[in-house]
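Inspection log for the structure reproduced underneath, given as structure tokens.
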Amino acid sequence: MPAQRFDSPDDAVADIRDGATVLVGGFVSAGTPSNLIMALKRSGRTGLTAVANNIGLGDLLDELCEHRQLDRVIGTFAIRASGARTSRFEAQYRAGEAALELVPQGTLIERLRAGGAGLGGVLTKTGLGTMMAEGKQVLELDGEQWLLERPLRGDAALLKAWRADTLGNLQYRLAGKNFNPVMATAADLVIAEVEEIVEAGEIPPELVGTPAVYVDRIVQCEPIPVRWEG
Amino acid sequence: MPAQRFDSPDDAVADIRDGATVLVGGFVSAGTPSNLIMALKRSGRTGLTAVANNIGLGDLLDELCEHRQLDRVIGTFAIRASGARTSRFEAQYRAGEAALELVPQGTLIERLRAGGAGLGGVLTKTGLGTMMAEGKQVLELDGEQWLLERPLRGDAALLKAWRADTLGNLQYRLAGKNFNPVMATAADLVIAEVEEIVEAGEIPPELVGTPAVYVDRIVQCEPIPVRWEG
Amino acid sequence: MADAPPIGLSRELIALRAARELEPGSVVNLGIGLPTLVAGFVDSADGIMFQAENGILGYAGVSESDFDSDLINAGGQPVDLVPGASFFDTAESFAMIRGGHIDAAVLGGLQVSARGDLANWYVPARGGGSVGGAMDLAVGARKLIVAMAHVTRDGEPRIVESCEYPLTAGRCVDVIITDLAVIDVRVDGLVLRETAPGISAEQVARWTGAPLQIPDVVPEMAL
Amino acid sequence: MADAPPIGLSRELIALRAARELEPGSVVNLGIGLPTLVAGFVDSADGIMFQAENGILGYAGVSESDFDSDLINAGGQPVDLVPGASFFDTAESFAMIRGGHIDAAVLGGLQVSARGDLANWYVPARGGGSVGGAMDLAVGARKLIVAMAHVTRDGEPRIVESCEYPLTAGRCVDVIITDLAVIDVRVDGLVLRETAPGISAEQVARWTGAPLQIPDVVPEMAL
């Protein structure tokens, strides 16, 4: 079905439920759906699990901690070893109010890809012999060991692209793709904020980064500038 | 390293050895490296295993059977159920002179992707309960069954793209990508025939279909037109 | 079976009836052969997007214009694009197929069993086989429509208690559309939904090799 | 250890020395922190392509011009591109990394063991951790260079018999570049290759917490 066009990010996320698992695209400042994140904050939903590369690195995901909306984060960057610029999430994590599942970045994206592509898991060497392998199955195949990681999916995905067409095709700019195209495949409800919505056919077929089949909702928003100050 | 530029397809494939496993990109007529295939024919190498979507469907891969250069084909389309337009490969297969490993198309591409991405295998539902599962491991995870398929790699890959830049970045046109971008990741020696070679920077970064890191050799060739007549 | 099977729909009319089975706005993959004809029978206003497993979402049907070797469907035929089409590689294409993102697939069949098993890739007498994306589509498409002749050239039913030919996938078929009938595959077995013009429910049952439930009213196909 | 460790190279000079370790024409990933500085010390004529795991092959280094939120490296810093750069998504990026297509990675370290185990993502006293792409790079890069201070702020060696901190990956480090030395990790243990200007081999050994083989001739780093 063609993507549904919403006038506001608040309307676009309105039916995400308490307790939902929400995939959040973006890498620090690039391709990050800040308007949708802030709309989710305003929605007041609680008990959420966020799956995102990072929290508290200049992104706005940490805003969801102001009113303790996040029960859990599955991501790759969360608690900074340096201790500089601690986040609200870090405080809640330390207080036992929010859980963290730290996942190697390559494993996170492959788990999401498996979830979106109908695959039963990922066999990787990443994490073998480390804390990441604890409690997980290790397969020996032809004398080599592989760590089995399971697929990951969301109830909803919040994405950011540069442009959408009316069907829901998404075009990314520069390094704005990162987690977005795979997360688009791995959630029951896929919502994209974009800077511009154009007619079908205006995005050249070679430049479609996420085909329309994956996208349920699009909403045009002025991007909220974010930056990691280190 | 920047890709090495060759003047002829014959030179580009000259050091592929007897007995090599060769990945061959393309889908019927689209993105098919016909010049490199014909150069491999002229090289006279024997005992080859070809990994390709199809053989004998208007592609030129069947030419390698004229002098029995193929010992084995791993692919998805080989022997046509209708019996129409039989190929040289089919004759050799029936005579027991060439082997065939038939693989579902989605499994073939995922096995190649695993081979190129450092993953230990693929867990899929495709082929469960069919001949394709014979002799293969089935994993039960959380009550669901998954067929384990192993990675696939080549000694060499023969690719076709529209343009290359001098570094080896490849740009595909229309539906010319198909197997090429994944095969580019899964062979020790990656050779691409292209219609044009341009300076680095002339292919916009968003339109690079295969990043230069994967490509070892490029050769500019006039495409050989092929067509499946059904 | 000394009697001859009745003359039913042409291949084109089977394809037309299959096209009517597709939801407006849905994403559909068409197998090689008869299913390819389906693209010619959809109303472009319905916004159906055809996916070709070689890497296109949004082709309109077989092209009448010049042949471009890089713009073909999975059957190798030249195609035209609709506005909003996109290209991708085979890995992305099968992530789309196996991840359950294709609303419906129309595939040809050699045999379909009473419980919806499909055999469509391997003729034992010929061996070898060509599987293409059939197994992936059978497993991954949300709705699987099989479009085929009701009986073989020798008059043997293709709809059977249990497939003799090697399976493509088990319990995957939702609807069977043949020259004689539309049959739904339900958890409790095969149910006749429509008959072809001039064909009786009894004739369909006669040429079906598995138990067929016949509701009190079986409408004729609207073509 | 009442004595104080010697003053060695600045962070910038460690990065410069690490840059010299890179082969012309190679594809290199730089970790966050000190390794990021390496991009500033390569000769553009060498044609080194830097890969950022967030989806860039071919960035030139940190940008001095305007900030574009969509054009950053893995540390969130704005970057410039070289001609022939390309963009891709995270799945493609880590296929590149884990598939062995990255010639070298330069990562920071908390501890490196005598057999080349690396710990660089988790400080037990702080918990939680940030792993990013470190584990994938440690496993996937063909050559792994660790650039770090030779000792902790408390004067404890970071090069140790066996890592106390949780591992990033085992047996993955090829070369250690510190403010005091360049040390190769070989199958038979650690071998001193170069010393920093003004630092003796004995001083390096004194502040190294694992056996260190010292060849007869150990040149001073050329900076």
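Think of it as A, B, C and D in the order they're written, each chain with its own count starting at 1.
Everything below uses one rule, namely that a contact is a pair of C-beta atoms (placed from the backbone, for glycine too) under 8 Å apart; a residue touches a chain by one contact, two chains touch by 3 or more.
What you see is a predicted model; the values in this text were computed from it and never measured.
Interface comparison, B-C against A-C: more C-beta pairs in contact at B-C. Placing every chain at the mean of its C-alpha atoms, the farthest one from chain B is found to be D. Centres computed as Cα averages put chain C at a distance of 56 Å from chain D. Annotation: 28 Å between the Cα-based centres of chain B and chain C. Distance between chain centres (mean CA atoms), chain A to chain B: 33 Å.
Chain centres here are Cα averages; for chain A and chain C they lie 36 Å apart. Each of the following residues of chain C touches two or more other chains: 87-88, 94, 98, 139-140.
Each of residues 110, 113, 118-119, 124-125, 172-174, 205-206 in chain A touches at least two other chains.
The full set of touching chain pairs reads A-B, A-C, A-D, B-C, B-D.
Against chain A, the residues of chain C that register as touching in their complex are 25-27, 47, 49, 51, 57-58, 81-88, 94-96, 98-102, 139-140.
Contact residues of chain A toward chain D in the complex are 27-32, 53, 57-58, 76-81, 83, 90, 93-94, 100, 102-107, 109-110, 113, 124-132, 162, 172-182, 209, 223, 225-228, 230.
Interface residues of chain A, counted against chain B in their complex, comprise 110, 114, 118-125, 139, 141, 144, 146, 148, 150, 172-174, 205-207.
Interface of chain B with chain D (complex): residues 1-2, 113, 116-119, 165-167, 169, 185-186, 199-201, 203, 205-206, 208, 211-214. Residues 52-56, 67-72, 74-77, 87-91, 93-94, 97-98, 110, 121-123, 126-136, 139-140, 166-170 of chain D touch chain A in their complex.
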